[in-house]
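Note that the chains take the letters A, B and C in the order they are written out, and that residue 1 is the start of every chain.
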């Protein structure tokens, strides 16, 4: 009976995973379609570095900005948004193709930045 | 014709020089544009200055009952919807007061008093409520857990809690559901070099001249001179919190 | 040996407790999704019904350990076998109370931030450390009582628990005591008041749970012990009433507090009603009459008195927490004030369903943990006196 139970448990754990992978292969979750940032510009660091380090960079910078009053520094969120805002939406978080949302939705990493911060570039209504 | 080659060289050099300058210009110009675009925000600022103490001097003798210019300007500047319900956020309000014994009335704009000894900072469990080096008392919404203890502690009812999800925030004033907020002395304007808070600017522009903003620590500033001349008081001065907002006429 | 009936009853209780807890969690989820606008709280009443439930449970959690302290620290033999149950109830109530408190936060997902960033000037931050530490200390204490070879350590552990809960309950009282802004608080008396309240509320909860367990197991508490516990509860109620009286009498003496006291004691509508009718009459005078009567009270009377004390506690906490916020801040002493932000006005508060459900969910969680605890481990007090029902 125990063996049967163990088998059932194993199946319960493995089958959904297989199902998800199958769906993946069928393209159920689209790869991120990131709108490129403005032409002839370069990010503050190479893409591989940014991909790994941007949470730490933003987390560090926000303390400098909020508590220290430092504005316009290298890793300022406003700076990121101004460059990476999509051409159509002028935002990094308004549509599924926008910069931040697209990758985060694919990676299934929920961010709460845009509950408070608007993703829209400055100067746009 | 020994000059000719030199002249020709000079001419060629000049032409080459001009051409080189032209090419350099063509090559570098996009680069200049690149720097311009990639750093859309102004250059990095130095941060809050501990030698400064920002404050307000409010002359209530110049405040008309029913005038809400300062309140409207504050809410417009910071992206607050016009408040109608008790759950709506208000960063400042006009309080109409009447002295019970004499009947004397006054109209008083009240906002976060930016105390030097803020009770809200003492009680905040995570340190989200903090006093910046230049005296402005702020809420670090990255750390605020929404416990509302600071709202219990504030003697001036300065703070509001955001009761619903928000959208369409101003880019320079992030605010959201579940955090506590209050008057920031327009810190986003100050950090960018603007001289006045939205309320002071609106009151001055409308010609009332009731709100004066400036550096209390700078003896040469207008606010410092005015508080030396004009009688002014702090709200609930008995609590010894040393607010940065002073009132004349109450 | 567990009978089929007992097992069936256990799962029934777990189902009920689980359902109540689940509904409470669902209510918290709605609050997190839609924001506090679905509650009755606003910018004037910032702490509402969930806080009433949470603070009751947390204070009772501290007080319920009195039984254990009297046994382990003061060496009273009748209380020693009750110490493990007392410890379990502390953990269960603490869990329930903290659950409600944390889920009522504006950003409950940031509890990790609260656990990693401490402003040590804040008594709230200290309480976060004290509550979690309390749970750990009580676990160790329970372990010394259950593990035979550690029995010698149960006295020092009991002493540690006693000291810890004194500090903790003092901290809970000072959460309010340190608020200089509000006329209802700003008093050092709140620390000892909360400690004495914890004795009364904790013992009341203990008596209710003990009565239920005894009845469930067809046992009977020895009458002498029943009488002693009843008397003790009566004394605790009297001591609480004394401190509440001192608090109000002092306030009444200060002219600047006169308006606030008139509001709480006479003019404030629901608040005087709950204070006099709920706390004083039903929650103090009536239970004292039942418990301190020269003729020893019966089982039913003790149970009724304990339940009344709990009801009185909720009434008092509502008046204290909500009434203290409803009375307007005195920003302009000597003036009448009015504004669009409620200055100078008494604030109204009507709790909505999510708040009730969240609070009850906390009680449900405490109930669930207690039920599972007494099923899994032996918390039934084993007296040397005959306890079987005739």
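By our rule, contacts are C-beta pairs under 8 Å (C-beta built on N, C-alpha and C of every residue); 3 or more make two chains touch, one makes a residue touch a chain.
Just so we're clear, the structure is a prediction, and the values are computed from it rather than from any experiment.
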Q: Could you pull out the chain whose C-alpha mean position is farthest off from that of chain B?
A: C
Q. Which chain, with its centre taken as the mean C-alpha position, is closest to the global C-alpha centre?
A. C
Q.
Using Cα averages as centroids, what's the distance between chain A and chain B in whole Å?
A. 31
Q. In whole angstrom, how far does the Cα centroid of chain B sit from the Cα centroid of chain C?
A. 44
Q: Could you check chain A for residues that touch two or more other chains and list them?
A: 112
Q. Do you know which chain B residues sit against two or more other chains?
A. 165, 177, 179
Q: Send over the residues of chain C in touch with two or more other chains.
A: none
Q) Hey, which residues of chain A end up touching chain B in the complex? A) 38, 40-42, 62-64, 66-74, 76, 78-79, 81-83, 112, 115-118, 120-122
Q) In their shared complex, at which residues does chain B touch chain C? A) 83, 85-90, 93-101, 108, 110, 119, 121-127, 143-149, 151-157, 159-165, 177-180, 235-236, 239, 250
(Q) Can you tell me which positions in chain C touch chain B when the two form their complex? (A) 32, 34-37, 41-44, 46-47, 105-108, 110-111, 113-114, 117-119, 121-125, 128, 175, 178-182, 325, 329, 331-344, 347
Q. In the complex formed with chain A, which residues of chain B make contact?
A. 30, 33-34, 37-48, 130, 132-134, 138, 140-142, 165-166, 168-172, 174-177, 179, 187, 191-192
